[in-house]
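Same chain, two partners: chain A is paired with chain B first, then with chain C.
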Partner chain A sequence: MLALRIKDKQMGYFFILPAALMLLAVIIYPAIYSLKLSFTSESEALYSLTNYAELFRDALFWQAFRNTLVFVGVVVTLHLVIGFSIAMALNTRIKARLLFRLIVLLPWTVPDVVAGITWKWIYDPVYGALNDLLSRLNLIDAPILWLSDPKLAMASIIFADIWRGFPFVMLILLSGLQAIPRELYEAAKIDRASGFQSFRYITLPSLKKIVGVALALDIIWEFRRFGLVQTMTQGGPGHQTEVFSTLIYKEYFQFFRFEYASAIAVIMSIILLSLSLPYIWMISKE
Partner chain B sequence: MKKSTKWLLMSLVTVFILTAAVTLSFGKVTLRFSDWHMGEAHWLKALEEAKVIFEKQYPDIKITFEPVSYGEKETKYITASEAGQAPDVMHLHAYSLAAFIEKGYALDLTPFINKEKAGFLDAWYALPLTLCTYKGKVYAMPGDYMAQVLVRNTELFMKAGFDPAKPPVTWDEFLEYAQALTVDRDGDFKVDQWGFGMIGAKSPGFELRFSPFVWSFGADYLTEDMKHSALDTPEAAEAIKFFVSLYREYGVAPPGATAFGPFDVRTQLAQEKVAMNIGSGWTVPIVDSINPELGASQVLEYSAVPVKRKAITSAWLSAWIISPNSKHPREAWEWTKFITSKEMELKWFRDASVLSARQDVSGVSLEILEDKHAKVVAYELAFAKFVPQIKEWPEIIDAVTTAVQEGLIGVKTPEKALADAHKRINAILAR
Partner chain C sequence: MRALGIQQQQTIKISLVYFFLVLVSIFVFFPFVWMFLTSLKTNPEALRIPPTWVPQKLTFEAYIAIWTRKPFGTYFMNSVMIASCTAAISTFLGALAGYGFSRFIFRGKTLLLGAFLATQMLPGGLLIGPYFKILARIGLFNTRTGLIIAFITICLPFSTWMLKGFFDTIPPELDQAAMIDGCSRIGAFRRVLLPVAKPGMVATVLFAFLLAWGDVLWALCLTSTHEMSTVTLGILRFVGEFQVYWPMLMAGSIIGSVPAIILYIMLQKFLITGLTAGAVKG
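So, the complex of A and B:
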């Protein structure tokens, strides 16, 4: 029996080996390499903190940091609000529920870059559908510069990202809603609880964990959002929509400053790790 | 014949054919060739034809195409080079050439060149060759070499009452023309045609179109020793103010310029939304592919970029590099030599309207010198200048583009934006 258990254990290790090796090759090794790179500089032979010192003095780094916080904060909040509202609506017994669920999921199936290009065309001041629609409705006299107006550029990207990303949060929350036993609501009804009371005392507490998971995952993903911003504005105009991911890309692939880009990536990873800790803690608790 | 015998025979024949195929292909070298042009139908056709000719001449070499997008080529090549997996032959533009050479992503071609007959490099213009040379060694072979010119739609010129044969010569005239060409065509009291297609997005296409403004106004990006920014001059301020005023003050460029890259502006030109832009040899075939109904080769005319104080424009160069990780450098050199040969460079002109960095092609071929578009591009080469070839350049031009964008969107005055760019460039160069 014991021998069998040891054999089982070995088999377990055997099965996770390919995945572990893959992780080692595509995540662990590059992470260690980047970390090492971030402590080197072209001008100094030994390891140093030069890149980190420069980074904290760099106004562009701080602007990208602020922009990232705004982008992630607004997008994740609205993903949650919209995703939750639609999940609630799609959890009721409406006609053609399956069809609606499929339609709502569609934006999630669109790749990041494709969504960026599509929205760039929608926002185009000369050919774009949005300005054309507003103009036909006599709502505007001159085209709105969705991606060129410093007050609108970030909001326009955020809107596009909300469109693309809310179905993911919606889907997680919908699965959470479907897992709540119907009996709880029936019991509440018998006790003459109002709709709001059912929501407040049954729905919300039951979804607490799943909301946590959705939030953690969404924050991590939005923090790394690259394709959409890059295709729509490349961080511009000026640096109005510069986020960490576009800044790292620029420093690494356009400016050839591998060491400095790695330092920014390390800082970003630290922030992301600290944000994912509650999620890891939640998972490991179960 | 029994069924099993039949199967046995068929299997044996299959094995034989496979063995023969493997044996025949044994010893054949496969070269990985990457070029952004593979994404353009007319170019792909031309390259495929060239490949057939080459493979006939060199039966032991097989060329495989690896397409890459223009905007993503550096990303792909850097990643692949760092991993030691870069294609054998890659196509770059001058923008990133210096950095690729300094980073060690390009093989020293000098030993191959030395084995060619004496004066091998004499066929090329000197200026593009200097860009391919680093510390006395040649790391790249020049490809296309073209000057930026003013592209204008002659039909729209005529509609505005201009003589289509008389392009604007000075920037002041250019502004007058652009104002007259900015009109409401459909009578709904909204402008739907603009005089000038402005590229304001962060793209390698920006420096090509913006630099003629800077240089022609008498300014420059860097000091002669390339150690400091030279953007603190009144001429530089005048240049950026003029460029920004075209958009903000005079409104002769379509709204949203900071989001427009070269393709957006070419689309506007193809759809007759703009009457003029700055382009080069590639403009007519690309515009033609976007809107064949325009009849780009007839309607579009080229002329010199307008002048303020100096007649000057920017030069475009593309170059071919061989990866130092190539397992077949000799064969890669043969392919590079072939695609930069006189015959092939003429083919690229016939098929894609690009001019060569070879003076025995662009400087003497009657085909080019008698072509109404190519002859302008070729003539303007005498006034063409390259942006500084230092590895910090991409970062420097990003600072300049940022300043121009800040001026265009009005978050800073052009002077303030330029002063900030000047400071940032000095900080970059002081590192």
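So, the complex of A and C:
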């Protein structure tokens, strides 16, 4: 029995080894490569901080930084609000619940490039559906330049991304709601708690952890959103919708400044890792 | 009298819920409807001012054109092959590792699990540069194999995590029973645990497939010809062309979405349990 247990302990490593080796080769090694790259520059022979020094003086970097924060902040907040309202609606005992759940999840199955291109077409100032709809309703006189007006571009992209991304948050919150035992609500009813009270004292506290999970995952996804922005504006007009992922792509494959692009990517990774650290810590210590 | 009041209240509440869900459904369907209607128009009709909503002349010419005038067939086959291989490899390795994390206590486990999760947080932007250089050096740039390797970076950490959650829901007594009956650890895993975890495996395969199917960053950076392009990349390149043919683009978008939607509708039960198995239980 003891022999079996020792052997079993080693088996743990045995099962994990293939995946661990794979991750080492396909993620850790390239990540270190990129880190090294970010400390090299053409003018200097040894490692240097040139790229990072340049980065902190680069107005474009800071603009991408701000844009990413705005994009992620607004999108994730609205995903949560909309996702939560819909999850609450789907958690009632209505007959068409499953049908609505199916419908509501559809945007999430579409590749983000497809979402981007479809919304770009809806937003088209001349031939698009949105301006036509608004002018038929007599809400606008002149076509609105949804994606080429610098003031509107970010909002338009955010709106499209809300459409694409809320189902995922909704799905996680719905499963959290369904995991709350019905007896709790029945007990509250017997104690004559109002609907609001049972929401405040049963629903919200039970959901605390799952909301954390949903937020963390959504922040991580939206932080690296690329296809949607690339199809809709490619970061334009000017750099009004430039986010980290599109900026890194440009530095790599349009300006071919690999070292500089790596430095931006390293900063982005540090932000992402520190944002997700509480989440990683929470779920891996269980 | 009072009972009736509660009944009425209930009716009002349910009508409000329906009203809200119908509004949401309209919001959800609107882009799909516009996409579909455009794909059935001729190119001149798509560029009419003001736009027509229901096509005056229904035509499938856009659907034919993307297969004949554009290499959409190639894109489609590439996407299917790449996404399937990625899903198979990362589910297989993820099942092994997920089982390992679920069943064994060993030194450094928390750290290792944390490291698995942390690799998932690294953005593609950090890895594309090195991939570009490394793949070129070993002759895998602009190949399907290269893309499969790249997609494993997105899918494997997630698969491991999802399957760990699944194995956690299966009582360890099941493994012990199989081992008492004479199975080795690997035998117990293969003959007893894998069949029981089938819904989880299905969910993971599907999710990895959808992740790989939906990507465009990697395909954009690691391929250079039409022969190796995926559906999403084909669509992205198509937008950048001098003259955009919207009916064709919308037809391509529908073709690019349909496999994912069908898979999802068929397997949605598994997907929902699988995605939330790890997240909900704590």
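Here is the rule we go by: the second predicted complex is superposed on the first by the 285 of 286 C-alpha atoms of A that agree within 3 Å, B and C clash if a C-alpha of one lies under 4 Å from a C-alpha of the other, contacts with A are read in each partner's own complex, and residues count from 1 in each chain.
What we mean here is this: a contact is a pair of C-beta atoms (placed from the backbone, for glycine too) under 8 Å apart; a residue touches a chain by one contact, two chains touch by 3 or more.
All values reported here derive from a predicted model rather than from experimental measurement.
Colleague: Quick one: on chain A, after the overlay, do chain B and chain C clash, or do they fit? Just give me the call.
Modeller: Overlaying the two complexes on chain A (C-alpha atoms) leaves chain C and chain B clashing.
Colleague: I want to verify the contact counts: of chain B and chain C, which reaches more residues of chain A?
Modeller: Chain A has more residues touched by C than by the other partner.
Colleague: Quick check on the superposed pair: does A:Tyr47 touch chain B, chain C, both, or neither? Answer first, second, both or neither.
Modeller: The answer is neither, since A:Tyr47 touches no partner chain.
Colleague: By the touch definition at the top of the document, which applies to A:Phe56: first (chain B), second (chain C), both, or neither?
Modeller: neither
Colleague: Touching A:Gly227 in the superposition: chain B (first), chain C (second), both, neither?
Modeller: A:Gly227 sits against chain C, while chain B stays out of touch.
Colleague: Of the partners chain B and chain C, which touch A:Phe253 in the superposed model: first, second, both, neither?
Modeller: Both partners.
Colleague: Should A:Ala179 be classified as contacting the first partner (chain B), the second (chain C), both, or neither?
Modeller: A:Ala179 contacts chain C only, not chain B.
Colleague: Looking at the overlay, what does A:Ala115 touch: chain B (first), chain C (second), both, or neither?
Modeller: second
Colleague: So, does A:Gly12 touch the first partner chain B, the second partner chain C, both, or neither?
Modeller: Second partner only.
Colleague: After lining up the shared chain so the two structures overlap, which partner does A:Tyr201 touch, if you call chain B first and chain C second: first, second, both or neither?
Modeller: neither
Colleague: State whether A:Val126 touches chain B only (first), chain C only (second), both chains, or neither.
Modeller: In the superposed model, A:Val126 contacts both chain B and chain C.
Colleague: Can you pull the chain A residues that chain B and chain C both touch?
Modeller: Touching chain B in the first complex and chain C in the second, residues 120, 126-127, 135, 249, 252-253 of chain A appear in both lists.
Colleague: Under the definition above, what is the set of chain C residues touching chain A in their complex?
Modeller: The touching residues are 13-14, 17-18, 20-21, 24-25, 27-32, 34-35, 38, 46-51, 53, 93-94, 96-97, 99-101, 103-106, 109-110, 112-114, 116-134, 149-150, 152-153, 156-157, 160, 185, 189, 210, 213-217, 220-221, 231-232, 235-236, 239, 246, 249-250, 253, 256-257, 260-261, 264-265, 268, 272, 275-276, 278-280, 282.
Colleague: Note which residues of chain A are touching chain C in the complex, please.
Modeller: 8-9, 11-16, 18-20, 22-23, 26-31, 33-34, 37, 85-86, 89-90, 92, 94, 96, 100, 102-107, 109-115, 117-122, 126-129, 132, 135, 163, 171-172, 175-176, 179, 209-210, 213, 220, 223-224, 226-227, 230-231, 244-245, 248-249, 252-253, 258, 261-262, 264-266, 268-269, 272-273, 276, 280-281, 283-286
Colleague: If we count contacts the way the header does, which residues on chain B are in touch with chain A in the complex?
Modeller: 74-75, 78, 99, 103, 190, 200-203, 254-259, 264, 267-268, 273, 391-392, 394-395, 398, 401-402, 405-406, 408-411, 431
Colleague: Can you list the chain A residues touching chain B in their complex?
Modeller: Touch residues, chain A against chain B: 43, 120, 123-127, 135, 141-143, 145-150, 232-240, 249-250, 252-257.
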